[in-house]
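Here the structure comes first, spelled out in structure tokens, and everything after it is commentary.
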Amino acid sequence: MATLLEVQGLNAWYGESHVLHGVDMRVAEGETITILGRNGVGKTTTLRTITGIVRSRKGKISFDGSDMMQVPLHKTAHRGIGFVPEERGIFSTLTVSENLLLPPVVAGGGMTLDEIYELFPNLYERRASPGTKLSGGEQQMLAIARILRTGVRLLILDEPTEGLAPVIVQRIGEVLKTLKERGMTILLVEQNFRFASRIADRFYLMDHGQMVSEFPVGELPQRMDTLHKVLGV
Amino acid sequence: MAVSAIETQEKPRVVLSARGLRRDFGGFTAVKDVDLDVHDASVHALIGPNGAGKTTVFNLLTKFLQPTSGTITLMGVDITKTPPDKVARMGLVRSFQISAVFPHLTVLDNVRVALQRPNNLSTQFWRPLSALDRLNERAEQLLASVGLSKERDHIAADLSYGRKRVLEIATTLALDPKVLLLDEPMAGMGQEDVGVVSSIIREVARDRAVLMVEHNLSVVANICQHVTVLQRGEILAEGDYATVSQDERVRVAYMGTEEH
Amino acid sequence: QSATDGKVKIGILNDQSGVYADFGGKSSVEAAKMAVEDFGGKVLDVPVEIVDADHQNKPDIASNIARQWYDTEQVDAIMELTTSSVALAVQAIGKEKKKIDIVTGAATTDLTGKACSPYGFHWAYDTHALAVGTGGALVKQGGDSWFFLTADYAFGYSLEQQTSDYVKASGGKVVGAVRHPLSSQDFSSFLLQAQSSGAKVIGLANAGLDTSNAIKQAAEFGITQGGQHLAALLFTLAEVHGLGLEAAQGLTLTEGFYWNRDDESRAFAKKFFARTGKMPNMVHTGTYSAVTQYLKAVQKAGTDETEAVAKQLHEMPVDDVFGRGGTVGANGRMIHDMYLLQVKKPSESKEPWDYFNVLATIPGKEAYIDPAKSGCDLVK
Amino acid sequence: MADITETIQTEKSRTALSVQAGFLLAGLLLLLLAPFFFYPIFLMKLLCFALFACAFNLLLGYTGLLSFGHATFFGGAAYFTAYTVKEWGLPPELGILIGVAGAAFLGLVMGFFAIRRQGIYFAMITLALSQMFFFFCLQAEFTEGEDGIQSVPRGHLFGFIDLNSSTNMYYFVLAVFLVGILVIWRFINSPFGMILKSIRENEQRAISLGYSVARYKLGAFVMSAALAGLAGAVKSIVFQFATLTDVAWQMSGEVILMTLLGGIGTLIGPLFGAGLVVVLENYLATSEFPVTIITGIVFMVCVLIFRRGIIGEFYASRLGRKLGFVYRR
Amino acid sequence: MTMIFGIPLQALFGQLLIGLINGSFYALLSLGLAIIFGLLRVINFAHGAQYMLGAFVAYLLLTYAGIGYWPSLILAPVIVGLAGAIIERLFLRRLYDLDPLYGLLFTFGLALAVEGTFRYLYGSSGQPYATPAALAGGANLGFMFLPIYRGWVVVVSLVVCLGTWLLIEKTKLGAYLRAATENAVLVQVFGVNVPVLLTLTYALGAGLAAFAGVLAAPIYQVSPLMGSNMIIVVFAVVVVGGMGSIMGAIITGYVLGIAEGLTKVFYPEASNIVIFVIMAIVLLIRPAGLFGRDA
């Protein structure tokens, strides 16, 4: 499979504190990747650095063969990267439908509004209410849904199941599977191990700002011990 | 004066307690009907997923935020309407989730600033700085107790993340608080600092109450006698670590490892 | 018989960038230079030099410059001194240092009253003259009931006070007054009150932009069309020009000079216009007159030494384009005729800057305070 | 807040100390001899404004509060002093004392309202309140409106030093200036100043350590107001008048410019800033350039490329660092 | 005649109406300030200067190009908005990462320079600008004589305020603006060019100020000083309203205009400080302002 995203020796800083210490990873077209790791090891930071939000960074990021390090923040979406942040980023002064329509369409091939409403009937019902009046699960759906319209090729999700009831987690799992079948490439950070293991093709394990190991879903049983140690659970 | 009035009485077992604590942000309820009792001479952990409302609870208890409803009592005194600096003077002191040192002061000065108030050296604008030298001894003791003596004259901003957290704890201890609230004291610390801080906390809690937010579950398991699990602003489970960690709901909501 | 330091130097100190910049400003400096040229460029065989500075309406800057001029730059006299805080401060310095100042830009009668100086002269106008001119003379023209729109500070009060005295003395009555804050943009509330008072004349006891805005808005509210008369107590040709005849028509005001008065004044004005692009008002011409008279006094005294020149200035009659038949009182007040002027309708105006009809000439003796009653302790 | 309150700390190495002592001595000598070379009134004005700017900087540089209303204290004190000296016949030292007390009181009142908000709100509130005071001064009887209180007698200091002599006056102003600077220096380098510093560094943490931040800020505000008042009071004796220009908001703008130019958060920066502004104003008075345009441009240039000010840039320069000065952000 | 506190009821109506007219200017100006602050976190001290520029551009267009009031009503805001865009691009942009106080100081300097320049070029006594013929004259409302132009000011400012409100609350562009106020980074991640949005916002705010300036030209003397007198009052309006909501800025503008108008009737001496007094009271009771969000 063609490599869609490649990260090499990525370092990142928040002001004075050095958070990423040389992250290496690779995501192939159509793959679903999950990054695992304890709280605070730099998973979110990795995603934020790839999308360009964290700008004090060094190393190499290339997407679809082109260098992303110098691309301005507002151009990353147009290159085909969509981001669903950890805090979801639903805008409280916008209604659900405004939230949904907010991200500009950057390429063809995205879902239509009708398709999205079909996929998420709750959003249709609540389309006129303010974004933050939604339940946590609905907010998460909204955060995913609004990216689907835009036609991006790589969907980056930061802990999409955080704080959600199991039934919603299940639903989101189904959505992600559907997207995967449609050929979307997905990069996921997840603490919910069970959830992750159901949808991921490959795992990266992160600690202290680095990828400490990498394995396909098939090797999961052998790796359980390491996971226990590193994840501290 | 409230403090001294209390001290003459028999020490209450529950030093800090909240009843029906609630906080709304606009339409959003971050903390809902939380009852919490923090006991003297113990370490109490507050855990829960991100955004559960742990920091908000801290802000409410220390009065950095005003509760929408509910009451808070500190050693028998109702502090629901007390301003935060007064609460601190009454002996309830907190640390912050994002490291809270005075970045451009030296390590020693960081601790001395905390010592100034209890030693009545904070409002004198006519005395030279050398007036503060008599705090040095105590400050150095505190630094030694957390292993920061070597960095005494460093600028705080130059310390590593973990060392900053350690410094913050030293500053907090300088106030000789009755109740200590620590927001993720181990976050971002190297393993060696985690050990140091764990033992400091255990030490401190011999004659004080400590309430801490912590994601490092092995620390929680090791040093915390009580655990309260918060989820979406509500208490999900309570008890000691063993009980709580067996709770299925906690495993689903927080620990997320139902598989073994 | 010569100048003490080989030259005669005159400083024009005024506002060149602030609110009073149009009132005198750089154009006044030109007027002063014209006066020197017309005098021949030399006096007592030494050259006459004009220096100028912008005091930015700050008395401390003015003081600083005045002291420096007097002390280290051999300036013999300072003139114009727009705005009363500056004029009073500089006159006090002149008194202390025994140096001459001639004020043409400030209005307060204190300059020749309790703050008078044996070396200080007040040339073009003052609040008293404005009050007599507009208040007294206008009543005689039939404007016998008054309502005041007064700027809410000392300057406004004294203008209002002095004017109403003359209104009453001439047989008119004052039906009311309203005080507006300094630099109000909007005068409509106050104008409505003035309108409903039914007074024949609305007296504007304010200055600068406040007066302009009040007049403009009075026109908007149809006050002059309604038969009421506007009288601006401190307003000159320069401001009328800024306002435009459309808004200013019918307004009555008093000035010590009007360029279109006679051939002599027109000839002067044409020369002035050629240099500045404006027609002169009483401040510009007053400064011209003050410089001219000062040079005459030096000539006559045969020296630029202060006491001698001051003596001549007090004794010599003034006779130039500005102060015809003028005399100078012991308190330093130059007493000359004033003119009650009315702004023409646009249709009446025959050429650019042809703005006024002269309604009356007010003799200097009436217009100015009798030096004996001025409160100046130099007058026995 | 971190940015505007960049501090300059001087490291206490021995060479640095001697270099700094050298600078200090040279500066002092310069000030003592200055009246023999420069125009004394001009120097006195400079010193008054320098003290004013230093007082202002005490607030901005050391507590991070940008006041847009400091003219109130400067001009208010000038009025109080001028009035009591002229109308009540008080000796100058008493008049100045009353001026300072009045300014401190005004500081207390304005501070009480303004301290409630931070940052730009604080700036806007102080601006609005000082505008209120301006209108008060405009209308109040005792200020004599636009004429101002004129011809204030300089009188005799302590009954025997004749201030009408400009040499005496100059050394008196210099003494006041030095005392003022000393007070500021002591204030900053005191236990109280330490708390102020820590509040500016991390306000939340200071609260959690039990400090009533509002009171410390108010304390600094009143101190700054009183010292600004001292500058204004002395100025009214030097120039022998007090007028509306001193309470107008443009004056507040001017003192900000002086501080910005000299170096926010440096002890002596404002002295240079004030010097530059005063010289510029005097120079521009007789040039063709309109003053406000230049002032405005200087402001913009400073903010865009010269944020550390003269002294700040010097401290941060290679030479400055070599001489032992440390510029810290 | 019915009297209230010794004032004829009719006169009171008249004064209320006048207050509303002044409130129109306050609303337009504080609206622009609120928009700029909301998105850029810049207190635009140059707002008064931009208001003045609006009036002056109208005057210059008339004098040198013979372009009348109606085209100016559009042209002047566009020109001033463009100038604002350039300022934002070249200078303001560099200050976003710094303490917001630097933005305040920069625009303060800008205001000084612009006003100084116009004073230098055009003097301080102002320039005439006639009421457009179509709106000349007045209507007798029975209780007062209302110049038609004033009525027009109230109507058009209401329309513009509501229009701006609609633009921001109901359009896609407005959605970007609001979203960027909440979380500029995320909006940028979605592919919206927030830097351009910021430029547009500043231009919009400046344009609104200029629009108010053109409206003011026939009423107030067109003078370099007209803005600096206004801006401090508008600041107080903004502090009272709080910087949270656009509607808040509009409503506060009108309400304070009326409050000021009433003071002019009952106690004219206090009319220039009444807004500051209200500000002090509001600060005591609600430090965040009437419509402000918690700091």
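Note that the chains are named A, B, C, D and E in the order they appear, and that numbering of residues resets to 1 at the start of each chain.
Note that a residue touches a chain if its C-beta (ideal position, glycine included) is under 8 Å from a C-beta of that chain, and two chains touch if they have at least 3 such contacts.
Computed from a predicted structure; not experimentally measured.
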Contact distance in steps, from chain A to chain D: 2
Joint neighbours of chain E and chain D, given as chain labels: C
Most widely separated chain from chain D, with each centre as the mean of CA atoms: A
Result of counting contacting C-beta pairs for A-E and B-D, higher pair: B-D
Identity of the chain that, by mean CA position, is farthest from chain C: A
Inter-centroid spacing, chain D versus chain C (mean Cα positions, whole Å): 37
Intercentroid distance (Cα basis), chain C paired with chain A, Å: 77
Chain centre separation (chain A, chain B; CA means) in Å: 33
Between chain B and chain E, centroid-to-centroid distance (C-alpha), Å: 48
Multi-partner residues of chain C (each touching 2 or more other chains): 17, 152, 181-182
Two or more partner chains touched - positions in chain D: 135, 139, 290-292
Chain pairs in mutual contact under the definition given at the outset: A-B, A-E, B-D, C-D, C-E, D-E
Complex interface listing, chain A residues touching chain B: 16-17, 38-40, 86-87, 92, 130, 132-133, 136, 159, 162-163, 166, 191-194, 224, 232-233
Residues of chain E touching chain C in the complex: 11, 14-15, 18-19, 21-22, 116, 119-120, 123-128, 130-131, 137-138, 144-145, 147, 149-150, 216, 218-221, 223, 225-226, 229-230, 261, 264-265, 268-269, 271-273
Residues on chain B engaged by chain D in the complex (per definition of touch): 62, 64, 83-86, 88-89, 93-96, 100-105, 109, 112-114, 116-117, 121-129, 131-132, 171, 175
Residues of chain E touching chain A in the complex: 172, 175-176, 178-179, 181-183, 185-195
Sites on chain D touched by chain B in the complex: 7, 9, 186-187, 189-195, 197-198, 201-202, 204-213, 219, 223, 328
